[in-house]
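Multiple structures are listed underneath, in structure tokens.
Heads up, the next two complexes both have chain A, just with different partners, chain B and then chain C.
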Partner chain A sequence: MIDPARKTILWVIATLALAMLPQLASMPPALLLVALLPLAWRVGAEIYHWKPLPALVRHGATAGGLAILYISYGDLAGRRAAVSLLSIMLALKMVECYRTRDARLVVSFSLFLCATQFLFTQGIFMPVYGGLTVILALVTLAQLQRSEAWSHAGPAPAVRASILSELGFSTRLVALAIPIGIAFFILFPRLSSPLWGIPDTTLDSKSGLSDSMSPGSIQNLFMDDSPAFRVQFSGNVPESSQLYWRGPVFWRFDGRTWKSSFYGRNIEAPEVPEVTADSWKYTVQLEPNERNWLFALDYPASKPDDTRLTMDFQMIRDQPVIQLTEYEVVSNPDFSDSPELAGSLLPQALELPEGSNPRTEQMVFEWRRQTPDDEMFIRRVLQHFNQEPFHYSLNAPYLGQHSVDDFMFDTRTGFCEHYASSFAVMMRMAGIPSRIVTGYQGGWFSTLGDYLLVRQSDAHAWTEVWLNGKGWTRVDPTAAVSPERVEQGSLGALNAPRHVLDYGWLRGMRNSVDIVQQRWNDWVIEYGAGRQSRLFEPLGLDHLGPAGLVAILFVVMLVFGAMVFPIVMRIKGPSSSDPVQKYWRKFLRRLLQAGYEARPSDGPIEVARSASKLLPASTQPIHRIAHLYSRSRYAATPPPFIELKQAVLAFRPNKKSA
Partner chain B sequence: MNSTVISTQESTGDRHGRLLEARAAVNAILLGKDKQVSLAFCCLLARGHLLIEDVPGVGKTTLAHALARVIGSDYQRIQFTSDLLPADILGVSIYKREKDEFEFHPGPIFSQVILADEVNRATPKTQSALLEGMAEGQVTIENETHALPSPFFVMATQNPLDLVGTYPLPDSQLDRFLLSFSLGYPDPAAERELLITEDRAHLLDRTRSLLSPDDVKALQADCEKIHVSENLLDYIQALLQETRDDRWFETGLSPRAGLALLRASRALAFLDDRDFVTPEDVKTVFTGLGRHRLSPTSGFSQSPEEQIQELLGEVPIP
Partner chain C sequence: MLSSTMANETSSAGQRFDSWVLERVRQRRGATELPLTLEYRQIYVMPTRFGLWFGLLLALTAIGGLNFNNNMTLMLSFLIAAVGQLTTVLAYRNLAGLRLEAIRAKPVFAGETARFRVLFRNPEERHRFAIEAVSPEDRDCTDIEPQNTIALTLGQLSFERGWMPMEPFRIENRYPLGLFRAWSVVIPRTQCLVYPKPATTPPPLPKTGRGEHGAAHRGEGEHFHGLREFQTGDPLRRIAWRTSARHQKLYSRVMESPSEEACELNWYLMGSGDTEEKLSILTAWVLRAERRQIPYSLEMPGAALPADLGEEHRDACLEILALHAS
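Moving on to the complex of A and B:
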């Protein structure tokens, strides 16, 4: 059994563990051991009364932990490494934590560790988790305060407040801090760029479209329900079949994999579409994906800063998107891209690897002879997809070196990238310039939040062919096989669930709940210098500058402090669990509200005597409660508790009738 | 055997009723001094002795007399003077020729209730003769020990104004008095009644005894059964501890004073017809118990009572 006074150390361990938990998830396994072993040892030491470890072992463990950390991360400079260093040092501290002072230190640093989480994720659940950690830490600190020194010290205090009341106390403290936090959040001067933006791209790779496409790459994304971005339209909203979110564009094909071209990435668009009345205006909130592409509908007429618009209308940012990014775009759907194709681009749009996919080449050659017209030929190929037994399915079989041959003649089952790729190859074989566009198609429209949610599972690939006079024209071969893909979205097109937990209602619920995340992003994460000054615009305070904001903050804090001070004074530490005491305190609080303040040195009957002078109308109930309490607390045979409880609950001091 | 138990139980209520009657009777004689009268009874029930400090003529003697009357004991008044000798209190042995031996003639101390008037006028030697009796319940005369009657209750008075030619009681002697108080002047209503109603002396003569010495002993035993909760024991300890802090008093209360505090609190609760002690009991008794034992460190700028009230205001009630 554990001595009750020693339980405090278990609280310390619990606090540290809770603060460390989010870090553990991303730690290398070897480090995980370093972080958890000391905690496990300490718990064991408390239960089985093990002796403290000798200094040599402790120092050795520390050196070993540092070595493992260095080996795991290569250096100690990055965010991850630094936070891991803090975690394992705190864990190792538990091995030699035998004094209250040390325990306080661990708890305080646990709070710091908890705050470091915001360097990695700023999701909506982090503040909640952080709040829980803070509450636990406060309870632990209270416990430490109660039993100074748990291991070598004297007896535990006679009256221990119940954990519940201490929890309540800590929660009240945190609740009181929330308005202060909000005031700081709103008023603290914001920097236009973050203080630390050093990308740590080696870890935590996010899923998203990549800079190449091979069979199966989009299919993997399809399994991922995490949001890719959210869009808010102002004005016209496009039809579902027009929601082609343009991302990476690929020109080069090696028989299996599509890659972007040097030109495509580096040459800027020669001509930018005009903004017309029919253009779509919208704001995109892009989740971090650690890639450089920004997504827009065809064809972006304006671009955000720090972004290039390439000649194939990819929007490429200089810096990868490592945090939630918001940008505004205008798209003009009626623009025609390159009615004249530059001569240098033609070979690239027709290039095919030598001798690949011979069977398809044979077939295309045959068809092309029969239908020389480009548009007729395109229709013929689409008809082929539509009428032959092609399937739109997740379970696409593996394709070999001649991927298009395998797909066209043998498997005939595939996902959007299979269709787009085969189609583009066939076009090139027929001499029609073509390229692959990847991005997202569709999205889920939240009527509640009035925004469009695009998930990773909406990832899509389609084809663009160049027609003389019309320019680059979008052709979506997947739509020929499965029109539902475009009309109902990627998930609507599949009959089978993707995995065991994939139910329609669950997806629906997730979609509906996304609004919370969207609002969080909108109001909290994206709250920067710009929003801050916009917020103060109606008050005419938008030109305040940092000093002015701090001044307002100061005033707000003073006002808040003045308002809250009486409440704080009334919060009297965690109470002991005695219900008689609890109701007596409740009674004293009610007297206080009525204007009578009892001194702690007054006995119950004295309180009653002087309180009834102030509240003559309530003399009788006051005396009754005081006598009940006095008897409950001091007599050998207390009266039934319920009498006191009811008397206190029924007590409503009324000053006016006095 | 059984019947005795029942009769004792029956008489407990009776006794208590008579006790309250006795108190009411004293209150009727000494007008407007309910609190002091209660304290006096409390002192009696707690087997203690009482010190009354006040100017002449406010009723010290009347109180003592009335108390003696209602508890039906034999009562002696000893007026202390500077030439009073121990033998005047204790008694002497006189040689009887016919019997050819010394015969002991007991002094006034062999009474159940004694009023030692102006106790600070006698020499320390005489004072200590009385005080030994108070402490031990017996006196030793010429190597012979004589037990004092029981109950044995001493009320001593001191005149604080007239300090010339007095021998103030030393602290060690003061500790033998359980409680002390001053009577003070009566309030206007009480004084008016005093003026228009009959002479107190007549009233005293007509007052009959309501309690027998055996009743008093039984009542004293009853008091000891009063319940004192753990948290009040904590409170009493906290109070004692606080008096030992330099910032209040020269010296703190002794453990004997602590025991006395407990006994007197029980007696006060008993007088209030309760079977448990409340913090208010302790606080009431504490002032009476401390005022003659404690001298404030602040010198004469504050009276002991004021200092005690301030101390009570700082110790929270558990």
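Moving on to the complex of A and C:
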């Protein structure tokens, strides 16, 4: 029986299975079956010698698979659906893959499948996945080549002793290729604008903040530990209480949900803050979220090119963020936003649904009568939150039709959106213009990497009130209830773990490990046309065009080739597995150096006889080695190998001339 | 298991390219002098059809990566491309330094397949993998261990008697991944001697003339010589049934052909007829006489051999027949 590991087709299946792995993880269960069943059948067919399936069954399976694909995805336009289609077609191909050509096709497309996975995520584990897939594919291609070459000359003998050394060969090949790959990666000219359109959706679902806020929406994000963005400051670093990352701003309230206003989204900021010495200058590396907005600290004074700054000081991009995006911002915290509020905006900032929350409204009227001053009134409401038994908790009970009433008087337990919403409603009841700002608050500062990591769980909602003369002013009612939220971050404010695996040390470790991802993003994922053109600035070559880059690439390849070619040519193949033979050859080489060339047909006795004639001084060791060699080869009880080895190593014949 | 199709051999474009290269080599270097050590001068490296297709797929992947500015896709494409580039060196290295020592072929009868044995020697300390010899009609493959000599066999169908030159062939390999093929063209001087095709139903041996040397030859003769114990392989009709029955043991009769009997195979005594047909009959007679151990002499225009037996004599006769100028 043939060793199963030597069966080339099993390598093909393994390559395909590995390449499909991330795609399988995202597939609906029914489709998973379609993808795995053919592979399982083929493995079984190889082991138990099943006959190939009849064409009718194969075509039926393909049609069934496509039907399940269509039902699972609804339409086939999405990118996930397209890649799933490729995956199941390749899997079904395995049922009828009996030719080298077909097997090569499957391996090639497995590599392509691997490449498509990077469109969905470029996380830190993806290079490991890519590397392993490439190595396995290379082993498989090597096996296919071997069986093809030997197809006319009987079964191919195994080249290497074990599977491990097969993998080792491919790994070495990849390792040698890495420098060339990197040179190409760095120097191959990039496109500054895409050749064809980029689809709007590539992710499995939109993530992060949404374009509306209702009770519970930020609470859900709180469970999500994935990074939202990373920030590197150059120069001043803000205090943690100033780290309010501004996202979508909401004006309209329907009693339950906050939504943005047309003006706030579409009107340009009337006045852009100045860049001052105290401004914060920083670079944000935003994880893809398929939304149009970018995040910045209050108030963005300069913005990236393809974005606009709205009246709400929100940065809106023309294209949704579908891949890791880096941008630079300068924020001026001392700016005052709209000291004069336009008359048309005032009603919008005060609008409330009719007849809702009567209990709160009555309380606000009462307080307002006692404290007519705006700022005094705000302080009074915050005091109320602080002193009454309000709780900052994940387990917020459901709120009824009068959500603010229920929250203010009954449940008194909630998350930041409950406080922000109730506060904004109370302000509007009191005649103070207010709006909701969502975004992120805080972050974890990596001292090792010198950057700030903001996770989805740092999502936050706060309130802005408009005060005459001061303009829009940030008020965070959550801070009144739970100052720890702002001081220590969202996780510091909770006493209970969010889920069973939520430990402090685990979170800490995850934060520390994030630096690997950050560096990966920074050096690899974010490398593009811009950075490429600045690459040679230190050498005095600024803004190299594609031609210049290609020229440098060419030179690098030449130099590298001149260095590597001799090395590759000198590398020996797998060394002989026979140590006795190895040392005998070593002995023959030493004889050659001394001037004696053994004929290939000579056995050890002839070699010893004629070599000692030529080198009479070394007669004794020559005969001893020949004797040891022939005894190792032919004697019933061969001498220990070490004797031959030592004798050969000690053999230093004098040169012929001596 | 996987079966193989030789995509490269069936493609007409590939074939045209190969014959173009062959023509150029023939013009520039003529026939190959043996022994030949393969060097960069003789080794060509070109992508295989699979290699071209794979490269196209890789290029499309890279363009996609460029368009979406997806650096990992780009990195993957570049890495695989670099691996592919390295395999050209490996394929070249697998051939470089290989010595083609000699090519031999044993004579065959017309219509049989001549087997050219191409002797390779690997003088270096490294393995060589899946070295292939490919002729228009046949192919063979082998690994060659360090410091080892090994022969590859290429079959070539013979049609007519005489010297059949070996067709040009390629020494090639697609090691390690099948993306590139490194090859060298050999235009051998080796020829294979092709004997005439023996006639299938020749007339009986002409039993004229007398043997001039030697004693009686045992074996296939027609005269009884004695008995011996049965040995495997003795024909059934030789078994001496009566004697065997008496002794409860099988005995075979040993026959001999009398020494005075010899056959004279003479071209001039065959009358007029088609030359090739006559040569065929003579060939069949030589073989039959040799099998029956009847000494035979051969007389041809311009050549004559006295009566004798044995392989050497037979081959000498057959060679005369093969090279008979018509």
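One rule holds in what follows: the second predicted complex is superposed on the first by the 504 of 658 C-alpha atoms of A that agree within 3 Å, B and C clash if a C-alpha of one lies under 4 Å from a C-alpha of the other, contacts with A are read in each partner's own complex, and residues count from 1 in each chain.
Assume contacts are C-beta pairs under 8 Å (C-beta built on N, C-alpha and C of every residue); 3 or more make two chains touch, one makes a residue touch a chain.
On a predicted model such as this, the values are computed, not experimentally measured, just so you know.
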Partner chain in contact with A:177 - chain B first, chain C second, else both or neither: second
Touching partner for A:387 - first (chain B), second (chain C), both, neither: neither
Which superposed partner A:447 touches (first chain B, second chain C, both, neither): neither
Partner chain(s) touched by A:620 [first = chain B, second = chain C, both, neither]: neither
Contacts of A:370 with chain B and chain C, given as first, second, both or neither: neither
First (chain B), second (chain C), both or neither touched by A:114: second
Chain B or chain C, by number of chain A residues touched: C
Chain B versus chain C as contact partner of A:600, first or second or both or neither: both
First (chain B), second (chain C), both or neither touched by A:323: second
First (chain B), second (chain C), both or neither touched by A:344: neither
Residues of chain A at both interfaces, chain B in one complex, chain C in the other: 600
Footprint of chain A on chain B - complex, ascending: 227, 229, 231-232, 274-280, 283, 312-317
In the complex with chain A, residue positions of chain C that touch it: 1-5, 7, 50, 53-54, 57, 61, 63-83, 85-87, 89-90, 93, 96, 121, 125-130, 132, 138-143, 145-147, 149, 173-179
Residues of chain A defined as touching chain C within the complex: 7-9, 97-101, 103-104, 108-109, 111-112, 114-116, 118-119, 122, 126-127, 130, 134, 138, 141-142, 144-153, 156-157, 159, 169, 173-174, 176-178, 180-182, 184-185, 188, 190-191, 194-196, 198, 323, 524-528, 565, 568-569, 571-574, 576, 585, 600
Of chain A, residues touching chain B in the complex: 599-606, 630-631, 633-636
